[in-house]
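In what follows, chain A forms one complex with chain B and a second complex with chain C.
Up next is the complex of A and B:
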């Protein structure tokens, strides 16, 4: 489909709530760092366009489940992250299938479809299965952003193959976050947070110390968005 | 029987698995489809799923699915579905459509494919599912796509006249 500007999007965020996320290598725990990032991401998406919807699902435990069907109400997303339990292992293939279904039944068919996967544990599926899943998503016009943290080295080959297979014209991104950093901060200047179309020629990520993020000059507000993203978003 | 081009709701037109630089517009739009250099091409594999919505309920007599200059990549097995705008690839492959066609070489070169009119009476959304192509190549190409039929009695707002002014 040709891109329209501005574009309305429906996003399902897949959260890694496996036992691996109890690890404290991302402060205070992988899970909490992830929750902060998810909340900020949902906020950014709903800010980009009033008709954008964001949904949340958990990937680990007995089976992946949708906790929030795509909605414009940010509060529901924040609530879901607070109530989510840590349990079991991630079932990535099943989770992606469920996310795909949730998107398929979105109310506004004009919305583009996107899945954002946070993965902080070793992926059980093999590389070929991952590529097969990716191609099916691409065939159905679904873009996928992946945030890899915690098990970056173990997963890098599978995730890079996945991203290459699902990417169509630069609509899908893979971001790896090293341990010891603040997950949300690392994501803030990446294309995952930015509006599609705002990232110009698909070159490198924006310089980290710039006060112009997402096309909006935070310098005017006197707030450095990399130091305090929540305040920056609130003031905006 | 006319070309239903004007009845197409361009805003909700959707084609799944198209290559970004060879979109559905190349095969459907006036001017684009006459140009042999502009065509619709499939992306990840050889299948295509095209949802064509109409602004009013139309009757469809026949369709043209043409790929003259790339006969190896022309569609072979095609299914047509009526009023199922959310049908996906797996569903389309597993269910019988309102029409299941194996294109003849003549049809792939541009001859209209006749349809059982009784099954295409009140079409709001026509879905075209291309299952495979002639030469089993990696991608399928469609140069021209035309839907022929008749529009229902649609209400044309431009034609409303102020009756009181007419009577003077």
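Up next is the complex of A and C:
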């Protein structure tokens, strides 16, 4: 296992807090499953490299808002996810452009830029405008990961076109999560959690570091052992 | 939480300088605007903005809902400022406008999480001929009386002025020493002030006229407070048409002019008198000088006459 030079990354996570996320097809609700996934993702990113920053923004409501500007403090991310309200409908185009602005103003210009979008409701924008935005993102070297859950069939062609347009050398991924499963676990095996060229221990650095935040012991592998002990054992 | 509206906003000169400096550093000669935070105190309805700092801000010109303000930066910066002066709190924010924009309400809502009832101060950085370059606004919920529309937030103007503590005034005076033209006498500067004041008055009257025309046409809603205020202004105007007043005024003006005329006559006469005295004194001096010269010349003449006799 050769660990490539760790790449420092700045991530902005766009969270879907529209009314569609009240749906219970992911346990306990779409929104809650999403929140867990975001928390795990933020933990994995900050564990991967101490200078990685993660920011959070909500996409739905009156207008998309940045709740946490990219920071290394995991506590702020968790706080923001807890305080987020469910309201309105998603404004995807606006949200992505705001995320782009937020990444533009990151403190460490050496960090690579990445946007992770969780989309759990039907997208209102048409395919052409999505592709146009994707091209702009690609021009600015922003990688985009998309997690589609909830309305997968409705969004599949728009998201695939988007991902194809924004992808450069495989840095962007589209993950579709079928209903009835645990969102965070599904994400765990995907390249979204495991960075390209990173040590393949499932998102954790070689020396085990226990990341105890707010009472959650993420363990050395970024998996809550109580959530799924079999998965944790399998990965060990 | 219902917070009472502030009565007055006082901007200190340091804030004005900082805002202009911020604009010059970041967005000089561009159409972009810069945004920053105002620090100060709020006491009994009077808000004093004593200090300020800039925050990274960016927005999309074409889409007003796309904007980003780094609040991590804001919190860190405020924490540092608090260490310097613990009494300064966040009281609002500023931007360089020059006008209100659509995203301002959203940004205002963001600042509401840092202080209750924040104040927005728009500072115009391009030099204006007259008037204050600062305008302060507060956001209030406006409920339509007929209840048909949902209540929305609007910006309401607040009376603003530029004030300074004694120490700040001394500092400003020092700065102005290089800027102010020292050769301008007090009279010309007072005339300048009068002219500026009159120009401002003319502009305000034109604005009032436009407003009234719009109300008559129905473009603007009828607002009783404004109309009552205008009525007061017009009734308080003194009536200058009366005959006795005109006669009294012209009598007084003529008396003053008469004394000026007499005084200038007297001055001319005195000047001529002194001129004549000078001339006489000079002539008398010339005559004496000539006499003295002749007396000196005479003893020499007999002496030379004797010399020629001896020869």
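By definition in this document, the second predicted complex is superposed on the first by the 193 of 236 C-alpha atoms of A that agree within 3 Å, B and C clash if a C-alpha of one lies under 4 Å from a C-alpha of the other, contacts with A are read in each partner's own complex, and residues count from 1 in each chain.
Rule of thumb we're sticking to: contacts are C-beta pairs under 8 Å (C-beta built on N, C-alpha and C of every residue); 3 or more make two chains touch, one makes a residue touch a chain.
Given the structure is predicted, the values throughout are model-derived calculations rather than measurements.
Of the two partner chains placed around the shared chain by superposition, neither chain B nor chain C is touched by A:181.
Applying the stated contact rule after C-alpha superposition, one finds that A:63 touches chain C and leaves chain B untouched. With both structures placed on the common chain, the touch criterion links A:98 to chain C but leaves chain B unconnected. Which of chain B and chain C touches more residues of chain A: that partner is C. Within the superposed three-chain model, A:71 lies in touch with chain C and out of touch with chain B [touch as defined at top]. Chain A residues in contact with chain B (one complex) as well as with chain C (other complex) are 104-105.
Residue ranges on chain C touching chain A, taken from their complex, read 56, 58-60, 63, 65-73, 106, 110.
For chain A in complex with chain C, the touching residues are 62-66, 68-71, 91, 94, 97-98, 101-102, 104-105. In the complex of the two chains, the chain A residues touching chain B come out as 1-2, 104-105, 109-110, 135, 138-141, 168-169. Against chain A, the residues of chain B that register as touching in their complex are 11-12, 14-18, 20, 23, 25, 43-45, 47, 85-86, 88-89.
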